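This report concerns only the one structure given below.
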Amino acid sequence: MRPSGRMPDQMRPITIEPNFTRHAEGSVLIGFGDTKVLVTASVEERVPPFLRGKGEGWVTAEYGMLPRATHTRGSREAAKGKQSGRTQEIQRLIGRSLRAVCDLKALGERQITIDCDVIQADGGTRTAAISGAWVALRMAVNKLMAEGKLTSDPIRHKVAAVSCGIHQGAPVLDLDYIEDSNADADANFVLIENGHIAEVQATAEHATYDEEALLRLLRLARMGCTEIFAAQDRAIRA
Amino acid sequence: MRPSGRMPDQMRPITIEPNFTRHAEGSVLIGFGDTKVLVTASVEERVPPFLRGKGEGWVTAEYGMLPRATHTRGSREAAKGKQSGRTQEIQRLIGRSLRAVCDLKALGERQITIDCDVIQADGGTRTAAISGAWVALRMAVNKLMAEGKLTSDPIRHKVAAVSCGIHQGAPVLDLDYIEDSNADADANFVLIENGHIAEVQATAEHATYDEEALLRLLRLARMGCTEIFAAQDRAIRA
Amino acid sequence: MRPSGRMPDQMRPITIEPNFTRHAEGSVLIGFGDTKVLVTASVEERVPPFLRGKGEGWVTAEYGMLPRATHTRGSREAAKGKQSGRTQEIQRLIGRSLRAVCDLKALGERQITIDCDVIQADGGTRTAAISGAWVALRMAVNKLMAEGKLTSDPIRHKVAAVSCGIHQGAPVLDLDYIEDSNADADANFVLIENGHIAEVQATAEHATYDEEALLRLLRLARMGCTEIFAAQDRAIRA
Amino acid sequence: MRPSGRMPDQMRPITIEPNFTRHAEGSVLIGFGDTKVLVTASVEERVPPFLRGKGEGWVTAEYGMLPRATHTRGSREAAKGKQSGRTQEIQRLIGRSLRAVCDLKALGERQITIDCDVIQADGGTRTAAISGAWVALRMAVNKLMAEGKLTSDPIRHKVAAVSCGIHQGAPVLDLDYIEDSNADADANFVLIENGHIAEVQATAEHATYDEEALLRLLRLARMGCTEIFAAQDRAIRA
Amino acid sequence: MRPSGRMPDQMRPITIEPNFTRHAEGSVLIGFGDTKVLVTASVEERVPPFLRGKGEGWVTAEYGMLPRATHTRGSREAAKGKQSGRTQEIQRLIGRSLRAVCDLKALGERQITIDCDVIQADGGTRTAAISGAWVALRMAVNKLMAEGKLTSDPIRHKVAAVSCGIHQGAPVLDLDYIEDSNADADANFVLIENGHIAEVQATAEHATYDEEALLRLLRLARMGCTEIFAAQDRAIRA
Amino acid sequence: MRPSGRMPDQMRPITIEPNFTRHAEGSVLIGFGDTKVLVTASVEERVPPFLRGKGEGWVTAEYGMLPRATHTRGSREAAKGKQSGRTQEIQRLIGRSLRAVCDLKALGERQITIDCDVIQADGGTRTAAISGAWVALRMAVNKLMAEGKLTSDPIRHKVAAVSCGIHQGAPVLDLDYIEDSNADADANFVLIENGHIAEVQATAEHATYDEEALLRLLRLARMGCTEIFAAQDRAIRA
């Protein structure tokens, strides 16, 4: 029995509120249950130094957590003067996940920066961020296409992410904070709509796991991402 | 004529959504028109080193702006590794404004940290932050009182803030971004409900101003704060 | 009765020693009683990135306090690796105050940087800094004019600053350290010789204040600045 | 055909030179072909603040790359003043991998810090680091046991790591730099001698991958780790 | 012929103005010609962590250069967020030089921090700083002795420093900026009044030098320090 | 009697292993007894900003100490976010010492960066670093000459360095850690093969020293450097 009373393969309610803020080219507030992440996509007509003059674009991400998104207040990274290893790890993952479904040549020499700021945290902030980031990116690219700035669509696939884990011996989908903090193992899957995988990060926390467990977690992740893909569709069509 | 079509003494719609997030002891999303600031109040049972053992509490504030809260994306302070002078100036002002209405002895040896994070910016973010901060602080103190942790109410007064300015020669209330960026002078007033003043910061931008103008701006600020005090009341009672 | 025995509207002796150091284009040691600030003006034939190619100049300021300028030694900001919020707030104020009386187009594409370093502190360091900064700036501009590098004078007015406050219930002019550390309210006024105001920063410390008090402090500030303008004149003519 | 002429399931020569330096409680120079990492284990009789008084120990890791370990010189992180996201990601992975096989209660209130410094890089530095780290840790723990400071062995299993990837369409074991820089997908596996998994990080680089590919990479990793476990044994027995 | 017209063994005028500022326990403005350094000695009744409980004191130094002490403005270290290698090298030298003549046990568990801030630079700032630092330290220790806080004098000797160099083939004493910037070799000597040496730092700049040259520079330094010792005496007796 | 049993004028065994790593243009592992420093020379076809367009090259150095090179683990400078004063002092000394024997015009507009990383420390790391740096530089320059990129040899002389000190009243050569940590005085000499001096840094640690002692230390250093020059020759010829 899960603390939340959910079934092992049951996602929390997925909510995606498009256009949550008005300045960004793409913007959503995504919720996986009580986890809420504000995601914006910002288009800039320039690329980082290593890409200048190559006729290619770039998609990158930054991640932050508001100090009181969590149960007890954490310190503000801007005040401490540096981003934690965890923050950097997450924002690198988000950027990689999006680039895995983009044709950067088709984007042209421009950069899209995805900002993922966690307003409220209850487990799974990085996977909610990736799933919302795709929607914000889609909105920003749609805007570029509507403005005639792109001749072909640089987004090749839909991408979504979800966490799974072994909790009290059982594989479960979409861990919330209580489950996450005492899971035996914890895995984040970034999946493509066509069944392919963009990234697997599966970590032993209190116990190592076997191949069978890895595959069962992957199967749960596929179920979760199917729901997320549907929610992404609805948000884009809204 | 103001760019927004407002009358010179007309505030933008004030919205205060209490309990916008669930972990903090106090939390509101305050809006002055399109300016939206998420404010949380966090209670911690400890005080900064300079107050240890003195039987007094502390109220302090931190301020941040999400990178794409603005028309064009700004860089993330956590990534740059330092808070700008502007950020530090604003968070010091917010903390001072709240302490001006608090009896820190009555608070006991605990600290309340107010986090003000700008979700969307359209001028007046610091005054919206102060006005929302009071509500979050009130909620957190009410919670402490309900838990029997305080014997008397440490909040002595209501405090609110609004910006005024000289725009195209005319004094106007509650500048939005367009007005703010080409105002001749720009003033932030932090006012107490009993008519007293906690802080005046009045700055010549494109033109210096005279005593008469300062007084007219103060009068406008009093009108604006009257509306904000009413909105604070409604939010607390909600 | 003031701790120093001064009358409520009595400034401390104002001393301005021009050419205190020899390399800078303008240099003074200004004293408001025991507060001593070394101010230099440095001309550089370049502007910050945001002004390049616009045919305009820039005037900016930096502020520092020697570690033992104060009663007990403070830590050195260079050793700590960052400037405090207070330092940044003050240097931004100094720069704004000078720009309020300058025609930056008339200055041409060059930058004048004002360095204000407090040698000895006894209250009012920022107002002494602003008052001395104007003299150093005037000297540097005079030098540029004498060299034929400017066709018209970019300085339109004289500017000076002084602090006032409510001390033991009474409005007093030019607070020294003892008064400053237990004032009820504390205000810094940056005034133009023609009677106009460049900046008011009036802060409740131990008690909020009313409009009447604000006006009485402004009146004292006008008296103080009249004396400072005269001292500036003498220093320039020396 | 692989650039190095190796078979798809062929590791580079594994060399582990124990006691490469003399001060550390454990020390090895591990080589996976031309990748050379100096690993030391340092025992300290204290734990980080979050563990004080809990009767538990801690195992943690730091990672660095000498500036000219690589084909072209990279900048020194100490000179830049911060560790890159990549560095932090890797050192967190090394620490987690070791803790997955340790009983921290059995270690007692002491910390073992593993320093992994890459002397020469040719792909797979993080997996060589983990594999060498286990040996250095084993040596340091053996020393503690010989000194009678531990009543039971805190190391429960052997752990090793290897990278695999899809290179020109084929799954290959132990990528060198040339393969790594144009692999379609790249995976790091941290495996336990009993067949369990401590961590999988499998990332799409130029192409996403499917479940079948993931499993084939895992199979290769098991082959590679079998060789590494044998080399670890030889090094410990030496 | 030296640019200044001085004889090879001629010091610039040495001026030492005691009590230049009033808060510090010791304070002088020392000048070697146009080089002017403000030196303060601050007594604190605490020692750094590595000395706690050992019954010994500590003498340390910090050094800074005002941005416009030099011919062209340098950037402010506090604004850059770090002290240069040169600054750290100099402040370490000043501290070592003073500790070479102190009995730290006799000082008791207290720290004296010497702050050396260069107001105006014309070569030899570090040697002027050391020479002035001894006077400020002497004043602070005299104060401690007068207050009965010390039972014996912790200062065992007088120490002074001077720079010498090979300029246009000739050994010269007390280099000014013009000589310093094109000297073949440049040496700083820290000498004790009894003829002993506390530190020699002799560096080839444009040409290496031989043993004979080193000895001739040392001889010049002895002559210079004799004058400085006399000036220190006068300052203390003043 | 020295702790190691060496004679006063006896160096520890000098080992120089060329080509210790393979990517750098020059690379050695130098040992003075148990002190081991990995030195690489990296050629880059660019110069620092202050030399651009001047037709001159630059030789510079960076120094680091692996955290567990020492008896007890030190903290990693990259993790602390800054290089210590000691580190900066040493790397500046290494760079100066090499430039003292180079004709930077003959090097052309390119930079050679010497990285000195201490693998194991037992006193004298900076002098071993300088002595090894010359070999790495020589190898890199030989490579440039073999490639026809240089028309004349920019290295004019051989340079080496050694530490000497007064230990228990006696002058000794090549201090190891035990001697270094309780020497009365400690001197580093950087010597040129032709008998000239590039740098002397002679510091009183527990006792000041006289001219006679300085000369005896210099004589020991000459003996030590003669051995190092021979070892450098052998390494280059290897």
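Lettered A, B, C, D, E and F in written order, each chain numbered from 1.
Please note the rule applied: a contact is a pair of C-beta atoms (placed from the backbone, for glycine too) under 8 Å apart; a residue touches a chain by one contact, two chains touch by 3 or more.
For clarity, every value in this text was computed on a predicted model and none was experimentally measured.
**Student:** Using the touch definition from the top, list the chains contacting both chain A and chain F.
**Tutor:** Output, common partners of chain A and chain F: D.
**Student:** Stepping chain to touching chain, what's the minimum from chain A to chain E?
**Tutor:** When the steps are counted carefully, the minimum from chain A to chain E is 3.
**Student:** Report back the single chain whose CA centre is most distant from the CA centre of chain A.
**Tutor:** The most distant chain relative to chain A turns out to be E.
**Student:** Thinking of E-F, which of C-E, B-C or D-F forms a repeat of its interface, with over half the contact pairs identical?
**Tutor:** Within C-E, B-C or D-F, the interface duplicating E-F belongs to B-C.
**Student:** Give, as an integer number of Å, the spacing between the C-alpha centres of chain E and chain B.
**Tutor:** 50
**Student:** What whole-Å value do you get for the distance between chain A and chain D if each is reduced to the mean of its CA atoms?
**Tutor:** That pair's centroid distance is 28 Å.
**Student:** Calculate how many whole Å lie between the centre of chain A and the centre of chain B, each centre taken as the average of the chain's C-alpha atoms.
**Tutor:** Taking the mean C-alpha position of each chain, the two centres sit 32 Å apart.
**Student:** Which residues belonging to chain C are in contact with no fewer than two other chains?
**Tutor:** Each of 81-82 in chain C touches at least two other chains.
**Student:** Beginning with chain E and moving on to chain F, name the chains as they sit around the ring.
**Tutor:** In ring order, starting at chain E and going to chain F first, we get E, F, D, A, B, C.
**Student:** Which chain D residues qualify as touching chain F in the complex?
**Tutor:** 21-24, 27, 34, 36, 38, 40, 42, 44, 62, 64, 66-73, 76-79, 81-83, 87, 113, 115, 117, 119-121
**Student:** Can you list the chain A residues touching chain D in their complex?
**Tutor:** Against chain D, the touching part of chain A is residues 82, 85-86, 88-89, 91-92, 96, 100-101, 157, 187, 192, 195-204, 208-211, 214-215, 218.
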